[in-house]
């Protein structure tokens, strides 16, 4: 029998911390084990279990693109015990990492299509992995539109990415905030409303969305109005997880375990769920 | 056998002292400024009033491996908040008796009234508490077997 | 119509039906037949039609007042003498308003202690075939083709044998029937654990607490544990780890005890539900004895006297403080 | 292959088994039955089933997964290696031995949990036929035969003189070839079967299974049946097949241990996230428990995660009877 302890994390060093907003930070981490740095592979949409030793483990998606190797990135909003402990760490500190777990965005299916990304707040993190992946293999896709919203200009995450995307002539980036300030030059309004204003065509398109539950709900309605079919809409779901391995029993939606069968689902799949418990 | 004892060091107890900021903390301060000695085994935590000390704090301290706990506040009648120490006293006697009932030596959790003028009393109380806890030995009551030293 | 006496169950049902009809009640808590032997089952009625299942048998262990944590509105409920004390505690704690309740006192001839009977017969409670009350206050037990008569001392819960208040202390109506006579004020048989040495006590209690599974049944069934968020669920900071180590179990049980001090009426529900037989009643009774000795306080007997930790006297014991 | 043994020899055999590894037998401790290490205690003349299910010896409530220690400039991490010592559990009831096999696919698979699998691998299971139906149980409805079980290495049936043993696996056979047992035949085995008191089946499992999907959406039904529920963890912690767990750290300033402990779908915190709890209401949690056992588990592993042992029925503090709910769904 193979003697591998599936609950044992790899040690990783925090090599860089970026303060995104008042309560969100992005961590750049690197495996201590040099072989793992080389051999570790994942796909956009997958997640990991990150541990602060003594405080516990928490689940976050890997927010860096698999095309940009060397280190992993993940972003954390300070909401609970582990996230608070993460926020207290410094560059050079060690954390644990298990992964990658879960499924991923089916990039094969997206090839040759127009991509529409709709993100809200920290929900840009999983999309960002995919967006940068797509940007690095730009030739495979047609028009790319990114719609990203936050409460205020200060709450926009990944400002460096937003800047890079806005400069990229092959992308269309639209940012919006609920409440602007005097320096704000982007749009003002809720994401679903701006989405309807944009009038993206569902023709040969795929919409990928992630954000707070309330935003997702209204975004899905807006997409429906715009003529997007359920199998053209993709999202990633968030559930409480402990093991990430389909064993601990809390992230299920009906018989599906989000940690194994998800977190990426098409709206088509979601509509067939037996349960609304997510 | 504790880890320290195994390593050949002499064991020194760790005692946590909750001191009310108006009396006992000032008393401890006076001990220092009067250059009186008291054992360095005590770690001081300042609280607004002895009434602030929830029995949970005391239990948690024992649970976390501290060898003894001292709670000290103003003398009856001297509470800055009029009656905080009277209320505390009721909780403490019940807790103290419960601990005794389940077999925890009551000397591990002790209480005192020390005023801001009683620097010498504070030193004396700490000496007594530390001596008691030393006699009782390390608090291994809640030792977690998986934590056994390698 | 306060303190009216009800003759029998069918009169009670018609009274309750009337109360449901005229909107005086939105829910009713009672008993119905249980699905396993020696157990009844709580009945939660939200309509007059549900009352048909109401049934009073020999096994009415539940202290129904714990459902008041969850079921709000105009609630009618059945209380035994001991349950009425929990109710008084809850009213004192401001958890329920007496005006919202419709309290029906029921006769309690003392509740049968199945575990005690099984223990004295040298078997498990599951092995007992039949228990019926006998004419002379005891019970008749059938067990592996034997029939045994037990006295009430052998058959009833210890708390019932030491009960000062078999008649409810608070009620709107009272159901007629047999009540256990109140015992003369003698405390129940001395607790032998209290006389042991510190090391023996620790050995005993650590063996008890080490078993705890942390299923929280004791907390959830406790009428006095009404906090919407319990300290064990707090994790910033974490006071008590969910891992069932001896230390955390110990802190959990003692902390719970400190939190219910003065509200806990030693109804014994925590000990009854414990799946690993931790003798929690010993702790409750120890606490009750201390409160009585030190502060002359008896939980759940009068609505006026302030809770012990909400008040103080200057002459409270002080000699334990340096 | 069948063997038989008399009472006296059986006790000697148990003691001899101690040379093979740790022997666990049903023992009454603190007024409740558990499987305890065989030391001086006698083989019980009579017992129904243990209070704590046998899963506790395979998937304990406190399993240390790994430890760490901060050293100057770095950190050491150690995995707790599961023990490899051989064990023998004697007196398993058919329901409990079935549960061990039911849990296997959960812990096996792509991410194999060595803690459970190694425990299963190192343990020889010696089952024992029931002599009585436990209160609250519905094993026969759940297709567990109280008189026979293929989930053990050896299965025993008690007779007035001793036991008749049926050998199921090779490693079971090895244990009987020790001079304590005499050969027996099919007829001895059949004669040792005890008549279990009859009762009409409460429900047909196939129909329950078929109906669960359509019952899932019936909010009112679940609200009604879960009204009594206390949200305590007894039914899950005493359930031989419930396997949900939590992972928690305990630490001192310089070192710590990561543990796995039981968790229960009945607790509101089980699924609670920072802003949202998908199963905040009691009826959802109760529905999850029933649906997981009888529907979702079946969809994932083609088996029902319930063995009908009746512990959840018998020890429920408020007599919330799973059988009634299954009957209603039927």
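Here the chain labels run A, B, C and D in written order, and each chain numbers its own residues starting at 1.
One rule holds in what follows: a contact is a pair of C-beta atoms (placed from the backbone, for glycine too) under 8 Å apart; a residue touches a chain by one contact, two chains touch by 3 or more.
The structure presented is a predicted model; accordingly, all values stated were derived computationally and were not measured.
Participant: Between chain B and chain D, how many steps is the shortest route if every step has to go to a touching chain?
Facilitator: 1
Participant: Have a look at C-D versus A-C and report the one with more C-beta pairs in contact.
Facilitator: Comparing A-C with C-D, the pair joined by more C-beta contacts is C-D.
Participant: So what's the Cα centroid distance for chain A and chain C, whole Å?
Facilitator: 51
Participant: With centres defined as the mean C-alpha position, give me the chain C-chain D separation in Å.
Facilitator: 31
Participant: Using CA atom averages as chain centres, what separation in Å is found between chain A and chain D?
Facilitator: Centre separation, chain A to chain D: 39 Å.
Participant: Roughly how many whole angstrom separate the Cα centroids of chain A and chain B?
Facilitator: It comes to 49 Å between the two C-alpha centres.
Participant: Which residues of chain D are in contact with two or more other chains?
Facilitator: In chain D, 80, 246, 248, 250, 259, 263 touch at least two other chains.
Participant: Quick one: which residues in chain C touch 2 or more of the other chains?
Facilitator: Those would be 245.
Participant: Enumerate the residues of chain A that touch no fewer than two other chains.
Facilitator: Residue numbers touching two or more other chains: 80.
Participant: If two chains touch, include that pair; go through all of them.
Facilitator: A-C, A-D, B-C, B-D, C-D
Participant: So in the complex, the part of chain D that touches chain A is made up of which residues?
Facilitator: 65-66, 68, 74-75, 77, 79-81, 106-107, 109, 111-115, 117-118, 121, 213, 216, 243-249, 251, 256, 258, 260, 263, 265, 270-276, 278-279, 284, 288, 291-292, 295-297, 299-300
Participant: Which residues of chain B touch chain C once you look at their complex with the stated criterion?
Facilitator: 55-56, 59-60, 62-63, 76-77, 83, 86-87, 89-106, 110-113, 125, 128, 141-144
Participant: For chain A, which residues are in contact with chain D within the complex?
Facilitator: Chain A residues touching chain D: 1-9, 11, 51, 53-57, 79-80, 83, 94, 96, 212-213, 238-240, 242-243, 245-255, 274-275, 277-278.
Participant: Which residues of chain C touch chain D in their complex?
Facilitator: It comes out as residues 34-37, 39-42, 44, 62, 66, 115, 119, 123-124, 126-127, 207-208, 211, 213-217, 219-221, 233, 241-245, 269, 272-273, 275-277.
Participant: Could you list, by residue number, the parts of chain A that touch chain C in their complex?
Facilitator: Residue positions touching the partner: 80-81, 84.
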